[in-house]
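Shared between the two complexes below is chain A, which has chain B as its partner in the first and chain C in the second.
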Partner chain A sequence: MSHYSYIVFIPLFPLFSFLILGLFGRKYIKIYSGTIGVVSLLISALLSVYTAYQYFFIFGKANGVFQHIIAVKYVWLQFSPGVSIDMGILLDPISVMMIVIVSFISLMVHIFSLGYMRGEERFATYYAFLSLFTFSMLGLVLSSNIFQIYMFWELVGISSFLLIGYFFESPSAVAASKKAFIVTRFADLGFLIGILILAFYSRTLDFGSLIEKFTSVQSPEFIQITSATFLGVSMLTWGLVLVFIGGAGKSAMFPLHIWLPDAMEGPTPVSALIHAATMVVAGVFLVARLFPVFSIDLTALQIVAWVGSFSALFAAVIACTQTDIKRVLAFSTISQIGFMMFSLGVSKYGGENGLGFTGSMFHLFTHAFFKSLLFLGAGAVIHFAHSNEIKDLGGLRKLMPVTHICFLIACLAISGIPPFSGFFSKEDILLAAFHSNKLIYGIALLTSALTAFYMFRLYYSIFWNKKISIHETPHGEATVSMKLPLIILSACTVLAGFAPISSWVTSDGAPLKSHLDISFSALPVLMGATGIFLATYLYKTQNSRPQTIASVLGSLYRGTYKKFYIDEVYLFITKKIIFNGIGRPAAWIDKNIVDGFMNLLANTTAKISALIKGIQSGKVQNYTLYFFGGIVGLALLFIYVFK
Partner chain B sequence: MNMGIDFLILMKQEWAVIAILFILLFIKVGSKDRTNENILNLVNVLLLLNLIGGFFGYKDGMLFNEMFKTNHLIVMEKNILSLGTYIIALQSSSWLKNNKHVLEFYLLLLSTLLGMFFMISAGNLLMFFLGLELSSIPLAALSNFDLEKRKSSEAAFKFIISSAFSSGLLLLGISLIYGTTGSLNFSAISEHLHGGPLQIFAFILLISGFAFKISAVPFHLWTADVYEGSPVTVTSYFSVISKGSVLFVFLTVLYTVFKPYGVTWNNILFVLSVLTMIIGNLFAIRQNNLKRFLAFSSVAQIGFILIGITGATQAGSASVVYFVLIYSFSNLGAFGVISLVSALTGKENIEDYKAFYKTNPMLSWVLAVSLFSLAGIPPTAGFFGKFFLLMAGAGHGNYILVTIAALNMVVSLYYYLNIVKAIFMDSNENPIKKLMIPASPKLALIICSTGIVLTGVIGYVYDYIYSMSIGF
Partner chain C sequence: MNEISITQILFVSTALFFIGMYGLFTRRNMITMLMAIELILNSVNINFVAFNKYLYPDKLDGVFFAIFVITIAAAEAALAIAIIINLYRSHQSIDVEDANELKY
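On to the complex of A and B.
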């Protein structure tokens, strides 16, 4: 076992970096804090890649199937009926894939922040928080038991809270961090109860033995948990659904998504790391981790599928109406995570039927690259133009050539245009949905078209649309430390699709033969292209650039009447139907019902609290009266009622 | 067996406290030229010795016809109380520095501690009652210790009246139990429990006596007024040491003497626990005075502890003892900061603490960590404590109770974070000025924060407590 022990250092390096920066950063080594963060992450990332190489090519396989390997195990708390809490490291295809993603994206963000956050007063604190987050996230994905994952889950939540509220002078950032923390804590409550239920019935906290016990139909634990019911639903379903609620909170699934758009108040690189590539997929990871158990319980799996597909569509529709570029990206993230979720939901366990699982993990992999690229690109734009409102932006493609090309690559990838990575992963998801549930497949297709539309709307609004004279710009595009991650991530976005994920990451560990069906791919690509075309037509040509429009798209301008007519249709469709008919109600539901419910909880608590304050009158004779009343009440209750 | 030696060893902790009491008395009647500083240092050293001595010479046994019993668990419970008392003594030095009644303060404090020790070791209802009274009457005097403040006298008055009322009903319960079982010895009582209505009524009276002391709803109403009026140090003593000791006895009595009534008291605790958590939380939300706030939040904490008791297993009793230890660290950490600020500036309201971080970063962190621990946020010890309590409750199948508890944890998170927010994020034109922390309160705060961090993370602590806990 000892030859795996180096894996411990993957999470430990960021932890060291956090401790050093947290303790000494502000006073002593402020100028080196960025370097310390980057170097420790670099070591972590290299170790992760080495681990992945070792796992996938050297020791991971036995009899053609990837094994679950407990690399490190340390008994931490030994307590009552034979249950112990361990700290361990579990290696299997998904955790290996995740450590590569997390450490790599985190490294990119660390480098990018060198330029983006330069000159901030609390520079060292920023890097300390970033390292803390990376440590927690790596710990989360490597966890070998439920308790450990819960601990890291909470730590991830806290570091996210700290990073969202990093600009704590701004009241909206403080409010956003509070909202994120409270909403996810609320969801974590479900997670905690779910864990308690699963652990109670399986009498173990270990993932391996828990999955083993609940997947063998004859085991006494399985019979016990399926025969015990609460409100007519088996305890297994309760446990899984509650765990899923925890996951949905972190992954911002409807209706627990309300925190994510607000979380964009944090620094943009943080959004790239936490709210695009890593933390928000923790929910997907959690379901994938327990997937063998989920695949047995069809009710829970159905819930996963429908919550996922609804969130995908819902968020995509809202993304079309947003004007803040980071919010568009936030809703896009919700939508893409919805894809991953429903893909798990439509999957089955093992063999060809496990395509959904593979597709989901594949999409998680590619999405991490192109979404962090989009966010970092947006970061570069905001850094350059000092605004994140679409109306203030436009025409930046000549001023920011590198960012422009990188952003375009990412947009093409997310829209599912071949040969960019998003195409391959989305393909697997759509195929899985097609074979399992036609309605979800339809939703997914529609969402793909919408995705392409809003992404290109964003792209054109930032880089085309308006003309800006070059002389107005005070400074260059960005520092090298900001451009470098963009370029590296673009390369990954192009290449990630060719990674043989399907032969590595599958539901049962056995390689899955990947196949590309051209006739099947045609429709999704066509939908994506339609979205892009629509966006091109509407946003690239909209105003103030008549000469270019005339030369490039001259034929479309032949009749002003016709243009006017289509514009009206567009206006009618977007403003009247999509915006008023769907977007507004969706936003209304979001604001009044979902948010309102949370407010209602808070207000009710406060009201009841005000109502009963009279009891605390300050008069001792009243106190003794209540005391006596308590005794009489208890006596009546337990002598007569419960007798 | 040599009766004389047993007599010394089994009661060693009581002897130690009595010795300290006599030393202080001799100083009182003897020379008059001692400065307060010397006395405070002496007391701190003596209490430290008392604490260290508690860890040696464990022995199980009984004395005086089962009136007094002791075992490993009881010795450890007393050690927890000694530790808490030591921390409080360290914290109170900045407040007592210029008080001319400093010796009386410690005489009263140690008398209550002695009472608690006897109460924990009681093997007989009469002994238990004597210990309880010995611990409460000096407490009333202590809460009146801010002699010039009217609120302090009011607190003492309210406490003594409610306490007398509660004691009266408790005595009624004890006498009814004596009447129906024919004995006051714990071991004899459990053999004669038959479940008749009169006996159950007596049992409820007994429980109400306990519930009064640990301020479970609806027997809690004295808490807020007394906590607010008393000096901060006394309030922290009330909320940690006094409650902790009663909880220990409550646990032993329910798990051993009233074991045949398992189902009944489980249901009673269910009701009390739900009421306590909810009412405690609802009141805590609206408080502006930090002492009053901590009073209600500690009421809510008691609700959680009751869940652990309903576990009715070895894990249940271990989780309660473990939580009391963590709770002592967390609550004394929070009270330590508040008492320091109160002693040096007289400010006790939440608004006063706005932007506290700007001027006093160290104190802010200690307060924040303590509040996090009270709220049960990992990786502080409070999280582990609550986790084990809920595990114990869930182990007994009380899912509804555990769900209500988890919901209440979310509510409590809100008000704890509210204070953290005031400290770190709010701005204030007139913040509390930078405070110089004297050595002994600093030591106390270091002990508390170290405890908060380490008690949870080091698994051995829980294992050790578990290994000596009583089963059911």
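On to the complex of A and C.
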């Protein structure tokens, strides 16, 4: 399709920007590096919006159904005829929606960082990493085959690692970046094995043919993969669950969520881009990409649903007790991604039953806006008050009016209060859960109430509550470059809910009509309002009620505050069990047996050479003697032996 | 007057060759070693001339070869003396035992 070939430039512009800034940024063009980053992203974002316009309004539909379009295809590694790894661009509703989100949020973060990161020593490096991340993420969502997505998957992992460890002088940032990398890498091992299983049975890496082969029940590949079992479970389930483990690692689902709260050591705009709006939803995107296959395998889908709903509730409970504003937001991100996951898990393929899929994608869309707005707002607060602990903050609404309003809009959106965007997407999710699984619906309702509670706890703690004394900062509330993205994102947060996502992004491509039912909406909104009311009662003014409740709950509160000791469990398993049980014996074998064998070889060689090195004496006459000796020897040989 | 047989000439040239060889192995002075090499070359020359005379009296190839070897020997002597002078400059000696840095 020739009118889509310009799409390659959407990921390539950030790549160029990364190369230029990475190679020349620190020495030659430091002052322009922000501008270069912003301009390249602006072009990408405009191209993405144009693509979306072209896809959704002009060319995308055929017979009323949105098509999967391979815009660009290029054979990258040819192993043998028919077996190759391709690089390609796949356009379908979710990838088009994702490129718009990624490039737009990334543009906002680039602009915000102009003010937030001003005066940093490694300013150009920061923008280079940010561009690298944007390139990788755009490449990920546009990937046309499962191996290509895996490569970009690792690239976003490495750029996330680089950006978390951006302040590498601080040991906690270094530890956090290592933790994030190791945990997600561990999960990616599952992903890789899953890819290998799926590719082995389908004999293809391409998404289109893979999905086609595994969704037609008569195809030989489908029969083969479902009849092969391992530990009593079919290989299809194994493959999908392993792929989901990769997605769960990237999306910080329980029990692989431990890296995300620590990832907040990175600069705040990075948290907004990578750890709230884009990279962490890659897991959701992956499941959505393979959704036709997932929808066939009910076991895998059940796992997705339960992991998602448990993570949603679990993270929401922890978020109520955290005192670091970025950590509250991090747990809220885990919780919201849990919503998207279980929404996919309760969905079915096609038609009205695909509401969960649409809801999940819709929530991904709205969440990207309000969560990045929350993070950028938190960034503005941290920039102003130089602290991200709740106890150091309070009463900022008069000092930071713009941030205050934007933050409030985002809080209302995430709490699901109409007419803000979060309301619409959460409605779809809850409706899908209601029709499919009442228990998950109950968990989701409870989580909605908790979400409203902890978000408004955060809001009141920052902007109301006690007054803090802040010595005058020279820059005022924030620079224009910081306020502008906040205002634009607020506008998006208000309006995104009205975007007709349900007629664009559906599981089978056919438009779905919107389901807004006042009688159904009443309960979730009431739950949200209860949460807000409770938070108002406890945190609007300074009082002793929160402490009283905490002391009544006692060890339950402390356990939640310590994040249910999950980190400690991991530390116990790694340090005590893995290090002692596997690490030390392996080190012993390495030191004594492997190294010992190598040392033996080296020592023997050294001894032999010490014995014979006298031949090379450096004396000319010895060499002459060898020379003539050789001639005599050869002469004797030719005279007597080879006559 | 008795003809001198080729055996006698070969005996002389062989003796000359081994005298040169002995000198090359035992002398430490590089000039003396150079002289020993000249002895070896000249023993070869005697062989060339003798074989030419006794085996192919109507040809001159062996004689030309002998002249050729003398020319080469002159060039080689110039080179060797240049090496010896350089060695003397760096080691203040022309004893080969003193120049033994190039070893294991």
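Miscellaneous remarks
As a working rule, the second predicted complex is superposed on the first by the 532 of 643 C-alpha atoms of A that agree within 3 Å, B and C clash if a C-alpha of one lies under 4 Å from a C-alpha of the other, contacts with A are read in each partner's own complex, and residues count from 1 in each chain.
Keep in mind that, in the parts below, a residue touches a chain if its C-beta (ideal position, glycine included) is under 8 Å from a C-beta of that chain, and two chains touch if they have at least 3 such contacts.
Keep in mind the model is a prediction, meaning the values are calculated, not measured.
When both complexes are overlaid on chain A, the residue A:F498 reaches neither chain B nor chain C.
Contact with chain B, but none with chain C, is seen for A:Y626 once the two complexes are overlaid on the shared chain. Contacts of A:F520 after superposition: neither chain B nor chain C is touched. Overlap of the chain B and chain C interfaces on chain A: residues 613, 616, 618, 620, 624, 628. For chain B in complex with chain A, the residues that touch the partner chain are 157-158, 161-162, 165-166, 169, 197, 200-201, 204-205, 207-208, 211-212, 217-219, 221-222, 224-225, 264, 267-268, 271, 279, 282-283, 285-286, 313-315, 318, 377-379, 383, 388, 390-391, 394-395, 399, 402-403, 406-407, 409-411, 413-414, 417, 421, 424-425, 459, 462-463, 466.
Within the complex, the chain A residues that touch chain B are 76-81, 85, 150-151, 154-155, 158, 165, 168, 174, 178, 181-182, 185-186, 189, 192-193, 196-197, 200, 230, 602, 605-606, 608-610, 612-613, 615-616, 618, 620, 622-624, 626-631, 633-635, 637-639, 642-643. Residues of chain C that touch chain A in their complex: 21, 24-25, 96-97, 99-104.
Here chain A touches chain C in the complex through residues 613-614, 616-621, 624-625, 628, going by the rule given at the top.
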